[in-house]
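Okay, so chain A shows up in both of these, paired with chain B first and chain C after.
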Partner chain A sequence: MRLLFQRFGWVPLVAAGAILFYAARDLPSMGDPAAPAAVHVSPRYIEKAQEETGAANMVTAVLADYRSYDTLGEVVVIFTAGLACLLVLGAFTHTDTGSGESDGEMAYSFGSDVLDATIRMLTPFIVLFATYVVVHGHTSPGGGFQGGAILAVAVMLVRLVRGGAPGLKLSSTVTLAVASIGVFVYFGTGLTSLFFGRNFLDYAALPLPYEGGHLRELGSLSIEVGVFIAVTAILVLIFDVLTAGAEDP
Partner chain B sequence: MLEVSLSTLNYWLAALLFLIGLYGILARAHLVRKLIAMNILQVAVIVFFIIVAYKTDATPPIARHGDTEPSARAYINPLPHTLMLTAIVVSVSTTGVALALLIRIHRRFGTLDEIELLEKLQ
Partner chain C sequence: MIPSLVTLFLVLMVVCAVFALGTSDLLAAVVIFGAFSFFSAIFFTLLGALDVAFTEAAVGAAITTVFFVSAIYRTDRKAM
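Showing the complex of A and B:
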């Protein structure tokens, strides 16, 4: 049976390829401004985003304002993924894991003096850049997801070089709690507007002394910060959980 | 005819990337390789959406300074970009959970090869 599949495994592949290549010929030509994807809701986003949401970056406007409900689901997805990693690797059960796996400490590091000096110089700039990417997400490329990934990379680099050095260890409980705070910031923004009599995540209801686009910009900045916290914490959590039981190579 | 095929070439390249990923998932026996193939497949989908978002002679969807009334013609479609931001997050999440499962399997069976795993399961 297995041999059969190995010998004829290319048949479904060729069939799928033929369908894909044939169908691609009927797609609208690339760069066509009148293509179906570019005519329905997209012009509205482009023309009104800055006026309505105060964000020059239309991707952020769609992500954090027009479709913030979707993004809420997205943050919950990544939160659930972190939780799943923790549960699958048995971080809460101390029964079947080997020695030294449950204390959250990496057993190895790539440390050397050069790497150590480099990482000391680089880390502040990476952190600064992550903050910039989040705060300027409305006027330039960036946002909570991107900034969170960059900050998580800073933490991971330090972990890789310096291993489980003192002061850098965060137990999975702590990172999970921080991630929960991020998700809570997101939910809290939505619930605040609900409390002040508008729809869930309708930033126009936030009790701040601003109006129109500026108010909505602050609302979406608030949820971006929530996303930032949650993504950073979850990526660090996943990294910690995956490397917890690693042996010295 | 030539013009059509040039425009279609981008879609074909995305489809080719998709097929490489699909082949890896179907034919490779090692589970880590399957996971890498799955990531290639996801990248193919992302590339496809980015191609769809493109408009000729348009700039990235960030309003230029002072452009108070942006026209839909001057900026590329922001919606696929937003959706693909979401897809990247899903990709990271699935990869993380898959790696956790692989570590779990390796701890239990000591191998990640599909054939050896099937033998040990019987």
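Showing the complex of A and C:
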């Protein structure tokens, strides 16, 4: 039976591939102006997004403003994923989380002079770029998710090369608390507009001395910052949990 | 958008996927998978989806690779 699977396992695979290729011929061709997605929703966004949300980058306008509730769900999903990683893998790290750092040196570092000099050069630019990606997400590609991922890369890079101590060693409780703050900033923006008598996450209700697109731009910037904090903290948390029990090879 | 470049990167992605599945060394598979993510990021750029390409390059090529390597580090390097 096992031999049968090994010898003829490719048959259903090829059949499924053939069916998918056959079905793909019915899809509208790329950039087709008559495709269903390009007829109803897209023209509305293309015409109104700039004046309504103040965001020149329409992807950000949709993600952070029109479909903000959806993005809130994504952030909560990421938060839950980090929490699950901590609960599943945290059992291995129980002995050395908290204050247990013997001399602050993680056993996982690949220290060498070349790597050290390289990260000293690179890290400031990576952090600066992460900030730029978040703040400039309204006019150019980018946003909270991308900026958070880039900042998390910077932190991981420092930790991989220098060990835990110089790379902002935080216990998993602190990292989780920071992630909660990020999610709270998002919820708080939504609840503030609810408090001032509009719908949840309707930035037009925020009590700031601006109007129209500019006010909505600030509202979506606020939630982008929340996403940024949450994504950075969760990625660093997962990295810490994964590497905490590692020993030197 | 340049059609031949799109085809080139799609073919490279398929080649990377096949080799990542085929190799029995998990660390090699992870590195090839990082290359796959990188090619797909370029592919998204060619299609004009810069936001997606950004995410793919940061998360797929960098962070996922680090997470996989950490996971392999804690377990055995050979596949089965």
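Before moving on, here are some points about what is shown:
FYI, the second predicted complex is superposed on the first by the 227 of 249 C-alpha atoms of A that agree within 3 Å, B and C clash if a C-alpha of one lies under 4 Å from a C-alpha of the other, contacts with A are read in each partner's own complex, and residues count from 1 in each chain.
Here, a contact is a pair of C-beta atoms (placed from the backbone, for glycine too) under 8 Å apart; a residue touches a chain by one contact, two chains touch by 3 or more.
What you see is a predicted model, and the numbers here were worked out from it, not measured in a lab.
Of the two partner chains placed by the overlay, chain B and chain C both lie in contact with A:L242.
When the shared chain is aligned, chain C comes close enough to touch A:I150, but chain B does not. Within the superposed three-chain model, A:P33 lies in touch with chain B and out of touch with chain C [touch as defined at top]. Of the two partner chains placed by the overlay, neither chain B nor chain C lies in contact with A:A177. Comparing chain C and chain B on the residues of chain A they touch gives the larger count to B.
Once chain A of one complex is fitted onto chain A of the other, the partner contacts of A:V11 are absent, as it touches neither chain B nor chain C.
In the superposed model, A:V59 makes contact with both chain B and chain C.
When the shared chain is aligned, chain B and chain C each come close enough to touch A:P141. Applying the stated contact rule after C-alpha superposition, one finds that A:A117 touches neither chain B nor chain C. Touched by chain B in one complex and by chain C in the other are residues 30, 57, 59, 141, 143, 145, 149, 235, 238, 242, 245 of chain A.
Within the complex formed with chain A, the chain C residues making contact are 47, 50-51, 53-55, 58-59, 62-63, 66-67, 70-71, 73-74. Within the complex formed with chain A, the chain B residues making contact are 4, 7-8, 10-12, 15, 18-19, 22-23, 26-27, 51-56, 58, 60-63, 65, 67-73, 75, 77-82, 85-86, 88-90, 92-94, 96-97, 99-101, 103-104, 107, 115, 118. Considering their complex, residues 2, 6, 9-10, 12-13, 16-17, 20-21, 24-25, 27, 29-33, 35, 37-38, 41-43, 45-47, 49-51, 56-59, 61-63, 67, 70-71, 74, 77-78, 80-82, 84-85, 88-90, 96, 98, 139-141, 143, 145, 149, 231, 235, 238, 241-242, 245 of chain A touch chain B.
Considering their complex, residues 30, 57, 59-60, 108, 133, 141-143, 145-146, 149-150, 152-153, 156, 160, 235, 238-239, 242-243, 245-246 of chain A touch chain C.
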